[in-house]
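Here is the structure we will look at.
Per-chain residue numbering starts at 1, and chain names A, B, C and D are given in the order in which the chains are listed.
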Amino acid sequence: MANSKDQQALAISLDNIACQRDERQLFSGLSIEINAGDVLQLLGPNGAGKTTLLRCLVSLSQPAVGEIRFNGQALHQNLYAYRSQLLYLGHLAGIKSTLSPAENLRWYAGLEGDDVNLEERIETALKEVGLYGYEDQSCFNLSAGQQRRVALARLYLSKARIWVLDEPLTAIDKAGIAKLERRFAEHSASGGIVILSTHQDLKLDTLKQVDLQDYLPTPDMLMGGL
Amino acid sequence: MQFRFDSFAEFLSMAGHGPYVWACYFAAVLALGYIILAPISRRKSIQTQLLRQEKIAEQQLAMQNNNSNA
Amino acid sequence: MAWQWFHRLGSPKWFYEKTTAWMPWLLSISLLIIISVSIWALGFAPMDAKQGNSYRIMYLHVPTSIVAMAAYYVMAIAGGIGIIWKMKLSNMVMKVAAPIGAVLTALALFTGAVWGKPTWGTYWVWDARITSVLILLFLYLGVIALQEAFSDQEMADKASAILSLVGTVNIPIIYKSVDWWFTLHQPASIKMTSSSIASEMLYPLLAMIIGFYLFFTWALLSATRSEILQREIKTKWVKQALLQKA
Amino acid sequence: MSSSLHSSNPTVGKAFWATLKRDLKIAIRHRGELANPLIFFLLVITMVPLGVSPSPKTLAMLAPGMLWVVALLATLLSLDALFRSDFDDGTLEQLLLSPQSSYINVMAKVFVHWLTTGVPLTLVAPLLGVMMSLPEAGYIPLLLSLLLGTGSLSLIGAIGAALTVSLRKGGLLLSLIVMPLYVPVLIFGASGVRAAIEGFAYNTQLAVLGSFLALAIIAAPLAIAGALKMSVNN
């Protein structure tokens, strides 16, 4: 099954997107094409709307104007296919502190319905993020950075091809960042998509950058053109 | 069709049921009156809100003009 | 074509301008009906053999109960349309229907209770109809409280739409259950609906029901218009509409 | 239900089990909190003889209704926490993003809620029935009606919990919006027990409770999922 999916094309297109938050226009007129193998970095100061855009991209919110399409179809018409390919790491880590790292990852794998060699893969994933030996500790004993790494272990576990990551590099040390960069490169080389927001400089060949400040709404739109 | 009561006092007392009947109709007047007045007073408050905003905008505009003149 | 009409109806500005002309008419006709039937009911209607003069309250109680109930459905349907078609106007109608419905429900409850005193000798009887109206009031208060609790208008609209739709599914069940519960606990000794109502009394009652429906329509439109002004306060046409008259 | 869907899509059953297992594990790790609704149930029932009268006759008369009302309140108390921690740590949005219909995951969560509140409440109810001098004929119907009824209570209550999860002070509001919706369940639950005590058949009441549960299983998760989507969308 995984093989047939690998051959499928992946294309996300944003068509003239505008987002607002609390009645304030954040950006508008944003059109991007994202294809298999792309790594897209969102730039912009705090409050520019990076998180809002990422939440629209995973269909947790809807843009005020415009449409997001997956393989040519609007997201809401294609939701199952889209979400089967999606991995989202939000502002909140999505880790239950009562549970151990392994138990958290087991739940995520269960949601994907993917349990082939699960225990082995969880072990490798935790090893990759430097949490080997912690797999059976409760997460509330872990530090903030370590909790963040539990969430990042999903990047080594999941078969999803579209990664949408909101500030994945916060609270991660230099070595960890280098390792994640390599992981992004691998993912992009195997035909996946990475969309992330970060202030770090990434050293990747396939990197595309979008600065949300280039899409600030024009003054007359702010005044009540809505 | 005829008036069913002999005197006004009788009309008010309604053979002992007067207080109940009148209380109900009085309550109806209050309720309907509230429903009628609420949107009107709301409209008024929106109007004053808007006027205040306009005033502030005018003031800012005047200040900007003063600054540019100076 | 039909869709064009539907979208225009969804435009607050179009709605506001279109309804301006109707408002005085609706209000005056409805008040005319309500006031004239009230006068008739108070002074000219024949006395009921069993209940005496207290039955004159029926001309208030029955129409308010009916309209209070209908208002809930109007609210829920508006909420449903707001969720499915994301129509702004529909959300506003839903929001303003709740307080109007609650006031009418409270009035129905009050008149029912006061009517009970001369009829049954006590203000409060746990009879099926009054209990149902009381629960209807709670449902309204829930929707209003939920609407108030959110600072974000869009979330408030969605939340109260979902709640009122859930309530709509529940209302028939609640009514049937309460009916069933009542027959279980109270043998049919207290029965307040007279089995056959004389046409002389029936027609004014029907007129009153129509009057209340018209009044509710006016109230709904009027409150929606205020809500439109509030939510669209930043647009040019609202500024013009409000400042010209000031 | 999950088995029929299981055949059409193998991942649906897995998602259901994954969420079920996860929530059960969390519930077991927080066993202390599991006891809270039960202790509340016990405390309120203890207050009744103190506040009303210790005479067995009076208590027996109050027992069916009292036991049901307090079970209902205990369920209400436990509801606020149903989605709260998932909302706070971000797993709620992850759950809603899973490719399976949210129906499945929501169902799993509510099922665990029922297992950890409805079932224990049902199991201690006979004990409290003794304290309330419940006549002998009432125990079986009390157990059955609570078992069926608490399922509906969990499902309906979860709608309220989902609507208020993004509000910091949602607790009281939750009770306010959910309680009117509980009326039918309360009426039929309590009256089933009463009918049995008075020597009548109570299968009508159980059948009605069963149909409420069926309706709630079909419809409530849709409302819950919609409400959760609204709550995370900000």
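The definition used in the following text is that a contact is a pair of C-beta atoms (placed from the backbone, for glycine too) under 8 Å apart; a residue touches a chain by one contact, two chains touch by 3 or more.
Note that the structure is predicted; figures quoted are calculated from it, not measured.
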{"item": "Chain of greatest Cα-centre distance to subunit B", "value": "A"}
{"item": "Pair exhibiting more inter-chain C-beta contacts, B-C or C-D", "value": "B-C"}
{"item": "Chain centre separation in whole Å, for subunit C relative to subunit B (CA means)", "value": "19"}
{"item": "Whole-Å gap between the CA centroids of subunit C and subunit D", "value": "32"}
{"item": "Centre distance in Å when subunit A and subunit D are each reduced to the mean of their C-alpha atoms", "value": "36"}
{"item": "Length of the line joining the C-alpha centres of subunit A and subunit C, rounded to whole Å", "value": "48"}
{"item": "Contacts with 2+ other chains: residues of subunit A", "value": "none"}
{"item": "Where subunit B touches two or more other chains, by residue", "value": "none"}
{"item": "Multi-chain contact residues (two or more partners), subunit D", "value": "233-234"}
{"item": "Complex contact set, residues of subunit B against subunit C", "value": "1-5, 11, 14-18, 20-21, 23-25, 27-28, 31-32, 34-36, 38-40, 42-43, 46-47, 49-51, 54"}
{"item": "Touching residues (chain side subunit C, partner subunit B) in the complex", "value": "27, 34, 38, 40, 42-47, 52-54, 56-57, 60-61, 64, 99-100, 103-104, 106-107, 110-111, 114-115, 117-118, 215, 219, 222-223, 225-226, 229-230, 233, 238-239, 242-243, 245-246"}
{"item": "Complex interface listing, subunit C residues touching subunit D", "value": "83, 135, 138-139, 141-143, 145-146, 149-150, 152, 155, 158-159, 162-163, 165-167, 169-170, 173-174, 176-178, 180-181, 184"}
{"item": "Interface residues, subunit D side, partner subunit A - complex", "value": "10-12, 14-15, 17-19, 21-22, 25-26, 29-30, 85-86, 88-91, 93-100, 105, 232-234"}
{"item": "Residues of subunit A defined as touching subunit D within the complex", "value": "58-61, 79-80, 83-84, 86, 88, 90-99, 103, 106-115"}
